[in-house]
Amino acid sequence: MYMPVILGTAREGRQSEKAAKFVLVELEKAGLETELVDVRDFLIGHTDNTGTTELARKWAEKMKRADGLIIVSPEYNHSFPGELKLMLDALYQEYMNKPIGICGVSAGPLGGARAVEQLRLVSVEFHLVPIREAVYFSEINELFEENGEIKDAAYSNRVKKLLDELIWYAKALKTEREKEYRKE
Amino acid sequence: MYMPVILGTAREGRQSEKAAKFVLVELEKAGLETELVDVRDFLIGHTDNTGTTELARKWAEKMKRADGLIIVSPEYNHSFPGELKLMLDALYQEYMNKPIGICGVSAGPLGGARAVEQLRLVSVEFHLVPIREAVYFSEINELFEENGEIKDAAYSNRVKKLLDELIWYAKALKTEREKEYRKE
Amino acid sequence: MYMPVILGTAREGRQSEKAAKFVLVELEKAGLETELVDVRDFLIGHTDNTGTTELARKWAEKMKRADGLIIVSPEYNHSFPGELKLMLDALYQEYMNKPIGICGVSAGPLGGARAVEQLRLVSVEFHLVPIREAVYFSEINELFEENGEIKDAAYSNRVKKLLDELIWYAKALKTEREKEYRKE
Amino acid sequence: MYMPVILGTAREGRQSEKAAKFVLVELEKAGLETELVDVRDFLIGHTDNTGTTELARKWAEKMKRADGLIIVSPEYNHSFPGELKLMLDALYQEYMNKPIGICGVSAGPLGGARAVEQLRLVSVEFHLVPIREAVYFSEINELFEENGEIKDAAYSNRVKKLLDELIWYAKALKTEREKEYRKE
């Protein structure tokens, strides 16, 4: 199973990168094929919404192959970063009938919970399946050691719960999608 | 497949009943086992949230058996009716891994779209799968003939699209749920 | 200035009552006229939405006189309790051009943040002004001593910030409302 | 009173420009000082979030002077365009205690209602006041004549209602803001 981890902010000094890398390692430990897809490498401007540019095509290739995806995104003013929305809006068909797990990140104690909610509503429009489990990385500036290790071990278990649900849905939906392809 | 249609308002003079009955007939035509579950018959007060009262048990029985559900709900002040929330909050486990289709109803032109969004976020917390397709019954006071027939034939096709997606997910998720039961 | 504090849940064993009482005392300390308005005393059913019953009239009297309001509400399944929505839906005109501060409550770490967001959208429809400051009471089961004292002193300052903004808006809007009455 | 109209999409072939220009003319007719602020001229990337670039400063100048603002924005996948979010996120202090009116635009019948809701929640975080009145430009591709004239005259009245409420709040809040400046 291939499950990319999308890092949703391109800001200088972004803290979410640490959370995304932590999630990535947990996916690898679980034996999933994965990779970090950094929105910095996919700064898809408003002109790329037709999905015809090189960047949009590269992003489409990844999503076409994906069995599901995880977004790790900070919350800026109770919602997601603009560059993440531009990237997401570039595709449509490629998301269809795949599960999405969302991890929020914030400097404060609420772990990006509002951004998670707004992203869930966007993902429904893409025919993605927003799963219930989520991980809320709060107090992000103090959450990691210098060497990138997480200070609060409880997060491993939270990512595991997210993964369990994500994989459950990925299997269920893949089986059904493949039935359809056989019919065609 | 058993897919109940929940009518989400108990108000006097409610117009959503017409929309719910229309949806019900479309489900029957599609060969689904269904029934109208009227929130008036499930006025589960705040004291029933433990799911231990007779009404809550009856509602739990229906949802346990369901392969998915449809809610037909008006929008009151950009959200859902309180009596619908009380009814939904009475259960939890019974919803798990089932798809939900939501039909909004409004007197104005926006078809209850805001209530649909808020309900989607609630449904994610229940481990329900909010599908992308939705039906927006707008200008509800003028939408039906005296005899209950809908004036705008396009709604049949909209319900059909909702049903197609709902059934797709119901199959996918049922198969996966049953695999699990066999494992246990 | 009269600013009632609405306690938004009627459940047995509700923990939000402690948070509401704490907020109430902070308002009294700040010299505001206030009182606890308990949704248990305003179980306005779906039949009272016309605002013509005794309970609805009593609630209308309070809101008519209010210069603003505070809601203290738990989050149930990412939204507000049904009984609170029923109570709010019973009025409309009485809310107009008044500020609303919302305090979320949760057993977990996110302080009811999702319920706050959904309530804000409802409040905009009432021509209420949802202010930016909010208080998120998290881990509510461990937050108070047996005697009702709050364990984490930082909450006093959070309520103070909420009050400062609420009073600022209450003054601004009252002045403007009164100009209008003089014109009429 | 100075009330800029923000056009929230930079896409090729954008239809919202017609709606924004229509709103602009209605503001001019009402005697307000206004101008079209086109997100195409404010493509503030993620690196400008510190508000220190030339573009961000120019945008800050406008908002500092504004007594309120109107956003005209299409809905892309149930939310706002990424370029609009990037532009909004570049400022904070400049928005404080000013009213915001939002006009949604969509190709379908729902007039961008979901994007309006998500923007309202973002605006609360900025200490902006999201007003109740909104204009929903639906079926945008068929709404205007070749010469830019609107086909449905009812929209003039809708913008008027939005303006009435926006001006009411702009006055109330300006008076209160100025009291504060005098104190300082």
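As written, the chain order gives the labels A, B, C and D, with residue 1 at the start of each chain.
In this text, contacts are C-beta pairs under 8 Å (C-beta built on N, C-alpha and C of every residue); 3 or more make two chains touch, one makes a residue touch a chain.
What you see is a predicted model; the values in this text were computed from it and never measured.
Student: Under the over-half criterion for shared residue numbers, do copies chain B and chain C use the same patch or different patches to meet?
Tutor: same
Student: Of all chains present, which has the mean Cα position farthest from that of chain A?
Tutor: Relative to chain A, the chain whose C-alpha centre sits farthest away is C.
Student: Counting only Cα atoms for the centres, state how far chain A is from chain B in Å.
Tutor: Averaging C-alpha atoms per chain gives centres 29 Å apart.
Student: Hey, how far is the Cα centre of chain A from the one of chain C, in Å?
Tutor: 35
Student: Which chain D residues touch at least two other chains?
Tutor: 78, 114, 117, 121, 124-126
Student: Applying the document's contact rule, which stretches of chain A touch chain C when the two form their complex?
Tutor: Spelled out, the residues of chain A in touch with chain C are 78, 109-111, 113-114, 117, 136, 138.
Student: What part of chain B is in contact with chain A in the complex they form?
Tutor: Answer in residue numbers: 97, 117, 120-121, 124-127, 129-132, 165, 168, 171-173, 175-176.
Student: Help me check something: in the complex, which residues belonging to chain C touch chain B?
Tutor: Per the stated touch rule, the residues are 9-12, 43, 45-47, 49-50, 76-89, 114, 118, 121-122, 124-126.
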